């Protein structure tokens, strides 16, 4: 089978895809939201695939799109969804001068790479046509390599993938950090708390029930007539203070008083 | 083979003890230590009978390192010192369950330490020596860190850092020696080969300094002595006994065997400096001992002073002084053991080693007081005690070469009387104090007496009949003098004079 | 030279081969008593008393043997075994039995036996009696080693051994802080002296390659004058320490804290005279060095005056006797310093002094026994009546020490004064004056103790001591009286070969009347008279009277010897000690800790780089990559 | 086409990846930056494969992809786990690895 170039003219591909890749990569770094970053990266990868193709690496072109862009990047997106799409980063830099230093380091590294790689460069390229042709195509050529000299490494990667899959399952599987407390244990803990801290082991008193009020914000009265603060949720107390028990009782008292008065009258009548 | 067996018996015993528990571990440990002692007596008998016990196997070909063991007079004495002190220490110290690890671990560590020390004294290959020289630090570190005072962990680290720093400097020299020798022919680390080493004076001096620094840290010389008081204060008295009695001897042992044996010219050049350093050690250690408030620290400082004497004797470079030094090494092991162990007995009762916490102990425990006095008298080199013969020969030998130095060093004898007797007076004599009445309720038990007895008996025996020991020390001393190509000063006004 | 003839030792025969038993028996007894402990509580003191008696028996037999020998064969060297052999040095444990050492052995074992017997009574109620006897035996063994040794190294073993025994016995009642301190002081001061002796031995080993008396005697004449003088001075330092001579005198007075038998045996009769023995033994060295000899004589004279001076002002009976001991030993040292002529006199006085001073010390012990252990003479008085035997025996000692004609001290002391007068007139004159002072303070002691009126404290009922105590007193009083007469005609000739002296011409029990002798007698009588005039005619105050007399004040303070030591040695020594401890903790260990702190600080600084942010670590890594890459690139470029 | 263009492009992408890795705090974006760097390396492999006419470079590139896939799987599950535990995906929050 003869190789059909998917893109004609590597230069066209380079000059179109190259700038897009750089822009997309920069965008990936700069986007605040992870989703956008992921999509930018996907863009970079697709463009990279095109450049692979332009360099006669048709197998990698396919793999790059299917595996990388298709699988890996989708995994990223899933995780982004899991972790929270709208989680945006804090803009405050905690490490002093870190951004500037990072950028400087990046520039330094770029210069270093440029110099180092530049010195080792050759101007011309042999091209892989001959190599591809040797076994009858790019895929066949790679296959000959993978199942020939690199077969051990290839097998090792299979083990690696299995391990990774198992590892991912194990890691993602949520596990209790502590054993579940049963009723017995809870009761014991409550008594323990009572013994050591003197906390009342039983349930708290209910809220008060008055003639006109039975809301949970109304405090209960203890037998001696004092207010039981326990009976009202601490949150409610903090928000609006303890309701005045006297005012709550007042209507009932007034009613009793009027009843007494009525009864008194009738006794007098008798 | 006998030497290897001797050195390995305690090691194997230590490993076995590691897996035992309770009282059994202690009994087995003491049994192993006694068996080792018996074996060492056999070794001594064979050696004195003229048998050549040395062993020789190639170990690392590329370096020329050998598994080579051998005995000479000094080595034999050090081996015996080790095999005597270990059972004594095991006997004297009760099973200590208050430590970080179980009591059986301590016994095991002591036995392993014994094995490694024996290797140090037996090795006739410099690399092998260095290996065990450093290896002894491991059990010793854990012995210090595991049992004793509250700040023992700190003390253990200090000990380790000092020793490692010294050992590191020595490593440079060990490598240097090997490399220099290899550049002259087939590589070898054998002592007998290295003695033929031929290097420029400046290189020799550097190599010498490397060895000397390590040994000076070991045999605590001022100013690299500060680890010893701290360690002795925190470690248990038994551990201190092993540390000062055996491990520190490696320092002086090494000076004779390696510094003088391998670098005669450099040693000669360095003599004035080292003699003065030794002198400083003697006086400084003694003065510091007088001023101590803690019994264990005091004993440690007396050792600094005594090691000063030993180093002085070694570098005075006369047969008598070197011989005396070796003799002193042996007896110092016994005398410090007596002191440390008795202080340990006291500490066990009183729960403190501050001098001010005692007073009038004699009234409650005369035997304990008597034992402390005996140890003290050995420490101040009373004639009749072995330590006297050592100190006397060191000073007499030094006098024949450097009268002024010897005269100054001799004042250490007066200071020794002061630090021992002041300590004895403050702790043992006077009216029985309230604290003493409360805590010192029992006198020395039979077991305690039994543990110290061999040490005292040996001190007296070597004091009255030192000749058999001196024959051994003389052998090494004469050999050293031959290697150094140096001869004793001739009596100026003897019969030969005119 | 006749000097050396006597010192060619002959091989031991017969009993001489077991001469070492003299030492071994008491040593063994001491060891048994100490090791067996409480088991021997009931009978230990008898065993211990038998030990010196056995040694005395051996010594007596040997002495008799020597007496029967011709002069040239009286020096027997019984070598036991090789003690130290290293390099070219060989030191044997050997015993030299010669006219000098046998006399010492007799004195030590004889007086020692009596004092053991006395102690049975004196220490009867002491809970530590067994220990006391063990120490006494130890002392006897050490002292015999000292005098019988045939070389200086073994002598030194005995020398330090008696120091140890002295230490143990002075601080025997260790529960008394004063006793413990006194013991320690004695040991330390003695050690200073020992320093001299050890250095002398070092010198001998370096110079002669041996420390045996024979080698030293032979080699001494080859010494350069400087070394000879140095050797002489070093030996003198040793002698000063043991014999409590100025400037190392301060321990002796404090040593009276020990039980009285100890004071009698060790601090009067035997150990303190070891210094004299040492000087006399080293006669060959001193023969080479007039300077060192003169130093010995001067030290002796200064001490004899100082001791007498102290004796005049003390109220403690034992301290008066101690001062007197110092003074008498001063006489011996003076004699030893004069030279060969006076060596026999030094030994002669040593022996007589051993008798009468032991007698008086035991007498003082007997008095104390009767006075509830009170030592203050101001609380005594009129004891002649209740304690008759003690009084009469003490009187014999008194008459002997002041030099009453025909008593023992008369012969020995007068000989010394005469010899000094002849050779060193100035020192002789001073010695003569001191004889007067001796008479003065001893008369004062007699007046305050036995005569005058009673000033007893309440509840004290003086009584005579039991027979076990007074029998030794009587046995010691006899030689105090007659020893002089017996030995005067004989000792010079007997000792001459051993000490290198010349046989004196006038040698008879009848004292030769010389001008100096007469003057001495006059001075003594004057001393007694003055003492009587001062103390005898009016009542003795029971309290220490106030005085402006500078001499008395100085005497009461031991001539400020302790103050001097305190100011010159102790205070700077303590300051030095403190400084060393401070330096050790601050500077030396401080430097160590400082380097530790520095490392920790450096680490603390560097660890802020470990801020926990992965990005930061990443940056560090990238920078590292850049650096490595740069290095590679530059490497390629270059 | 001259291979050096591709090399420069790869270097630029790598540098952007580095900077992104260093400055971003969101663990996911950091991870993406790492992927970017891997990709830039792959580009170099492919380029040099063409330069030398040898398919081994492309094979390496393939291996890199496999490893990257494995790494992404494990890495992302770790991120998920951290997010579960801490409710945050910021790398700055996981800053316990310090003194």
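Chains here go by letter, A, B, C and D, matching the order in which they are written, and residues are numbered from 1 within each.
Operating definition for what follows: a residue touches a chain if its C-beta (ideal position, glycine included) is under 8 Å from a C-beta of that chain, and two chains touch if they have at least 3 such contacts.
Predicted model only: the values in this text are computed from it and were never measured.
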Leader among chain pairs (count of C-beta contacts): A-D
Central chain (distance from its CA mean to the mean of all protein CA atoms): B
Between chain C and chain D, centroid-to-centroid distance (C-alpha), Å: 94
Separation of chain A from chain B, taking each centre as the mean of its C-alpha atoms, in whole Å: 65
Between chain B and chain C, centroid-to-centroid distance (C-alpha), Å: 36
Numbers and ranges of chain D residues touching at least 2 other chains: 18, 22-23, 25, 92
Overlap residues in chain C, where contacts from two or more other chains coincide: 611, 613, 615, 619, 622
Chain-chain contacts as defined at top: A-C, A-D, B-C, C-D
Chain D residues touching chain A - in the complex, by the definition given at the top: 1-9, 11-20, 22-26, 28-29, 31-33, 35-36, 39, 42-43, 46-47, 49-56, 58-59, 61-63, 65-74, 76-81, 83-84, 88-90, 92
Chain A-facing residues of chain C, complex: 611, 613, 615-616, 619, 622-623, 625-626, 629-630, 632-633, 636
Footprint of chain D on chain C - complex, ascending: 607-608, 610-615, 617-619, 622
Chain B - residues contacting chain C, complex: 158, 161, 222-223, 225-227, 230, 284, 287-288, 290-292, 318-320, 323-324, 360, 362-363, 366-367, 370, 377, 382-384, 388-389, 392-393, 395-397, 399-400, 403, 406-407, 410-411, 413-414, 417-418, 421-422, 424-425, 428-432, 464-467, 470-471, 473-474, 477-478, 488-489, 491-498
Partner chain D, residues of chain A touching it in the complex: 10-11, 14, 18, 21-22, 25-26, 28-29, 31, 34, 37-38, 41, 44-45, 48, 51-52, 55-57, 59-60, 63-64, 67-68, 71-72, 75-76, 79-80, 82-84, 87, 89-90, 94, 98-99, 102-103, 105-107, 109-110, 113-114, 117-118, 121-123, 125-128, 130-132, 138, 141-142, 145-146, 150, 153-154, 157, 160-161, 163-165, 167-169, 171-172, 174
